[in-house]
Amino acid sequence: MSFNTFGRMFRYTSWGESHGPALGAVVDGCPPGIALSEADIQPWLDKRRPGTSRFTTQRREPDIVRILSGVFEGRTTGTPISLMIENVDQRSKDYANVAVAYRPGHADYAYDAKYGFRDPRGGGRSSARETAARVAAAAVARGVIPEVRIRAYLTEIGGDVIDRAAHDDAEIDRNPFFCPDPAAAARWEVLVDAARKAGSSLGAVVECVAEGVPAGWGAPLYAKLDGDLAGAMMSINAVKGVEIGDGFAAARLAGEGNADAMRPGPDGRPLFLANHAGGIAGGIATGQPVVVRVALKPTSSILTPVETIDRTGAAAEIATKGRHDPCVGIRAAPVVEAMMALVLADHKLLHRGQIG
Amino acid sequence: MSFNTFGRMFRYTSWGESHGPALGAVVDGCPPGIALSEADIQPWLDKRRPGTSRFTTQRREPDIVRILSGVFEGRTTGTPISLMIENVDQRSKDYANVAVAYRPGHADYAYDAKYGFRDPRGGGRSSARETAARVAAAAVARGVIPEVRIRAYLTEIGGDVIDRAAHDDAEIDRNPFFCPDPAAAARWEVLVDAARKAGSSLGAVVECVAEGVPAGWGAPLYAKLDGDLAGAMMSINAVKGVEIGDGFAAARLAGEGNADAMRPGPDGRPLFLANHAGGIAGGIATGQPVVVRVALKPTSSILTPVETIDRTGAAAEIATKGRHDPCVGIRAAPVVEAMMALVLADHKLLHRGQIG
Amino acid sequence: MSFNTFGRMFRYTSWGESHGPALGAVVDGCPPGIALSEADIQPWLDKRRPGTSRFTTQRREPDIVRILSGVFEGRTTGTPISLMIENVDQRSKDYANVAVAYRPGHADYAYDAKYGFRDPRGGGRSSARETAARVAAAAVARGVIPEVRIRAYLTEIGGDVIDRAAHDDAEIDRNPFFCPDPAAAARWEVLVDAARKAGSSLGAVVECVAEGVPAGWGAPLYAKLDGDLAGAMMSINAVKGVEIGDGFAAARLAGEGNADAMRPGPDGRPLFLANHAGGIAGGIATGQPVVVRVALKPTSSILTPVETIDRTGAAAEIATKGRHDPCVGIRAAPVVEAMMALVLADHKLLHRGQIG
Amino acid sequence: MSFNTFGRMFRYTSWGESHGPALGAVVDGCPPGIALSEADIQPWLDKRRPGTSRFTTQRREPDIVRILSGVFEGRTTGTPISLMIENVDQRSKDYANVAVAYRPGHADYAYDAKYGFRDPRGGGRSSARETAARVAAAAVARGVIPEVRIRAYLTEIGGDVIDRAAHDDAEIDRNPFFCPDPAAAARWEVLVDAARKAGSSLGAVVECVAEGVPAGWGAPLYAKLDGDLAGAMMSINAVKGVEIGDGFAAARLAGEGNADAMRPGPDGRPLFLANHAGGIAGGIATGQPVVVRVALKPTSSILTPVETIDRTGAAAEIATKGRHDPCVGIRAAPVVEAMMALVLADHKLLHRGQIG
């Protein structure tokens, strides 16, 4: 893992800014012989794409991916797979004042403090547009782990929580919120509309479950499956918290309440009677579903003016008028899913390398 | 970051099992010329040491560290620093039945699923004893970042939360719980005693604050300061959740409530009016205090028998009688502090390398 | 360093095949604020470009580079720099029989043995066309090390060696052989012409000197400056040997003859009386010129039929008719220079990171 | 690969100085279930041990290795294997004047230029004593690649070359020079004795052959098997040149003379008619023997006084009186073998990880 590279055996390097000509990812270490074409990647990008409902930014990006290398006659060759997505709708004028005053909650000031200056157009490199590269790379990763089924969904927007009893996977793709509870989805429509019209924004919680991960993937200490997932999720824009299994709730349990008891199961494998651990023990998968939850802060770009300073250090005030997601958490769901796929593909290859 | 190595520029490799002859860490990339002797490391190990109060495991380990390389005439030479701690009190007999039945909540089953077999004595490599290596390595890291002051403390045991208004840093070292609120410490004494006597266990929340981190440390995307902290913290035994700044609470805020407004401050630096972000924006430090919070599950070793299976797959029942911490969260505080120091030292050197 | 990534702090990831739509490199870790435009990169690509004389392959590639990210208003931003070069002259028909019979000396058989199949067009990923990505990345690296002057030149083609006494740096760019000795250049013209007309090929030796490398760059043991240079040079197509300083000749010297004696020099720095060591001791630069020499085998593609087998394992015979360099060593000179620049830029940042 | 870590999947981190209390290596990524005890490592250390004949340094080190972790009941557990060797015969007094005047050819000046100061006792970290850690780690690596047979031997001392026709593997262990030609061994006895008595030193060439490496190990471009071998070999003390297969001689061949023609062989695998390539094409093993050759300079420590400077920059003269190998190339043979084993073990696991 380097500044812009993620993974050990299955790795990708991401590049590109919000308002540059293009962005992309170079995937390295992908096994050979996996069926892959643009058509395998595009649907995942379409799920993350902006402008598909009134609840996301109105920037119009088709997000068409091109495979520039690493595939021959429809199969991966084992050599680097270069994926490129051209930027089409870069309206830089919206960002004119951004170049002057720092937007609180954004990376503006921190980037200037680090690099001395930055590309201010649309957040430059710190824009969530970079997540398109992740989703494209993850589409390749999915081909490496056909045994795994991953789904991410929102459990909470602005503090309004789903009813777990009403959870129905089939609902997730039927509403613009990746919400598994149709009643919650209906409430969120009102909630997000109100925030959008007020020029305000809302936070959210995304949960992600991976089924089919065999016991044994993962590794000790500094390549723990949960450690890698935590790092991966926290690297997504606007994420401020990560939980595995019961997460913070586990801190309030006594040992008896947190135990995942085991019974003899089919095929000699254990049957777990609970999954407080979220499918990971000692950094290694137990064969239960892997469960991760991430907290996303509300979009920092809001219409209400906020006190700030400009590059010269002088007092200023800023209200962000550009095109923004009223709730970044919504479009984060496909990205959380992507990071899960990328971490698992990497660990499958690591496990295979060490254990055979 | 590899299986047992942590960091990029300032790195350490950890080794050793709970009941082997010794454990240790090799620190690589440490700048030369830093004053270092065993006396600089020992106090940090003493804080983490077991058996210092009745609220921690009664295993008696002096945890005496030896420096085997990388220091000449009291200063680091820039070459690898090998740190070794001998195990003294390895009572393997307590673990006899552990070799047969899997302890729910422990890594026993997952290790066997991965490696085919394991060193079962005291958890082997998955034992929290490994954290002594981290604390020793972190003592070296502290010499690299003299500008930073780090403190970790518990905010919650078994769901009993401190009163933030009563927070007093000076209290942290005055009670066996690293608790900044003396009233809460008094309550926890009763709480943990009850759990200990009942052979039960409690979860906890540890908060860690680093002051003096200059704006600019950190890096984009896959080497974000918060991403690295999340991965580092989740790599600690029993940790199930990590938050930066407001964490999950931020998911319940609207954009206006989450904004860290800025005013012109002294020395041309901004004066922040809030720190919802926990000192990090876009993966880069803002100059505010860096704030991390971690959730630790209750110790999995409890006296109440739990259903499980043994290595043959047959049904079994297990009650763990060995020496255990009734609340692993207590001894985690020095480890959380250690990981903060290790991540920050690494990022200081990375920043200096790229920016100069 | 990964499959397709080179470097630690200053890193690049290379992608692309000989006959795909494009190839490129993503440079990561480049310091911010360095002046960079396509015009800074193009001249280096032009030096490596095929078809500039009758002594190199007649494939016509303009090798026009585009910067797709990481530069804002003419300066690097510190974020990844994506460089892309489109392939224009991919005449795949020349390679029809290559898909069937393995070309001895090429990677054909080894790739199939590893990956099960491969992109056979023009050597696919194992084509020397990949070196365009290195040269482009190195042009960025040069901006990181303005204090260093690098030049590479041929000292030998087909066993015909230059006269060291006649070495004149100014001659290097005056002939199509990067030859510092005009008399040798004249002889080589005859030699290479004869090989080309006979459908044969010749080996070569390239020497590379870097002046201005300060004492102290480099690192011990597994990041030695000479170790990294050796790995970097051996990664270039057709390279079979690497020497630092006196190289294999040093093995024939006695200790007295190999000593680089020192005298007090200007500015408190030593004045070396010889440079047998090639500017590196213990893996660390001494401040003397860094001297590397690489041996390149003759191009494996020749008109003379050679016995081989095909993918089915059946006996075959192959004579390579495509467009090839009669002496790959010629176009290797700019690539050797590129690898020197890439290694030095990386070590400058590593040194700065650790030492400050 | 970091400053003191070597390898990707099979990695080790080396630590320790010539005159510190101990040195060692931590091996990470080793597969579980491999039989391993100190008795499997000790014989390899004994081959490298100083003082076994009058042709090597008279320092008396038993080089007894201890396994401190990662092995349970005689088998590797998949967790880090910590290996420690105590230093016994550290006669620091011999090195008194070394602390003052820089020894030409040694790393003294370069270390001071980098780090500001150094541990001067016996070369500190730059001493060839570090190679004991490599040999110990390689003994573990050998268990990972039982299908491979590696042997290293000297082909040349002080310019006196073996007769290839007289090569007999059985001779290698019958003389103190790892010489496969008994006649050459007899001549070298005279040669090295003369150098030793004169307080002079001699260079050498070591060749290493690995048989049984399956076609397919290795990887493209920046993890090439030959690139990794070159980097690994150049990281050994006193090495100044590396060749794969024909090496520099290939630069003098025409394409026809360098072709490794293929015929249908047994088991569907090719039968190669030559091995100019040294068993590697495009960075990937072809199934032929892997052949590497390294050049070692003469020991820099000689009795003849050499001009130098001291730490203050003043002129000085130095004659090294300590205990030294008259020809470091001799004891390098087991180290070259070690690096071959380490690189191959790493590539076996990498290949298995990516390809399955």
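Letters A, B, C and D mark the chains as written, and numbering starts fresh at 1 in each.
The criterion applied here is as follows: a residue touches a chain if its C-beta (ideal position, glycine included) is under 8 Å from a C-beta of that chain, and two chains touch if they have at least 3 such contacts.
Please read these numbers as outputs of a predicted model, since none were measured by experiment.
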Shared chain contacts [chain A and chain B, defined touch]: C, D
Same vs different contact residues, chain B with chain C, by half of numbers used: same
Most distant chain from chain C, judged by the mean position of its C-alpha atoms: B
Distance from the mean Cα position of chain D to that of chain C, given in whole angstrom: 26
Averaged-CA centre spacing for the pair chain D and chain A, given as whole angstrom: 46
Inter-centroid spacing, chain C versus chain A (mean Cα positions, whole Å): 39
Multi-partner residues of chain B (at least 2 other chains): 2-5, 14, 29, 32, 78-79, 114-116, 125, 220, 355
List of chain B residues in touch with chain C within their complex: 9, 29-32, 78-79, 220, 349-350, 352-356
Residues of chain C that touch chain A when the two form their complex: 2-5, 11, 13-17, 20-24, 26, 28-29, 32-33, 66, 68-70, 72, 75, 77-82, 84, 114-119, 124-125
Contacting residues of chain D [partner chain C, same complex]: 1-6, 8, 14, 102, 104-111, 113-115, 125-126, 130, 156, 158-159, 195, 200-205, 214-224, 226-235, 237, 240-248, 250-264, 268-270, 273, 276-278, 280-287, 295-302, 304, 306-309, 313-315, 329, 351, 355
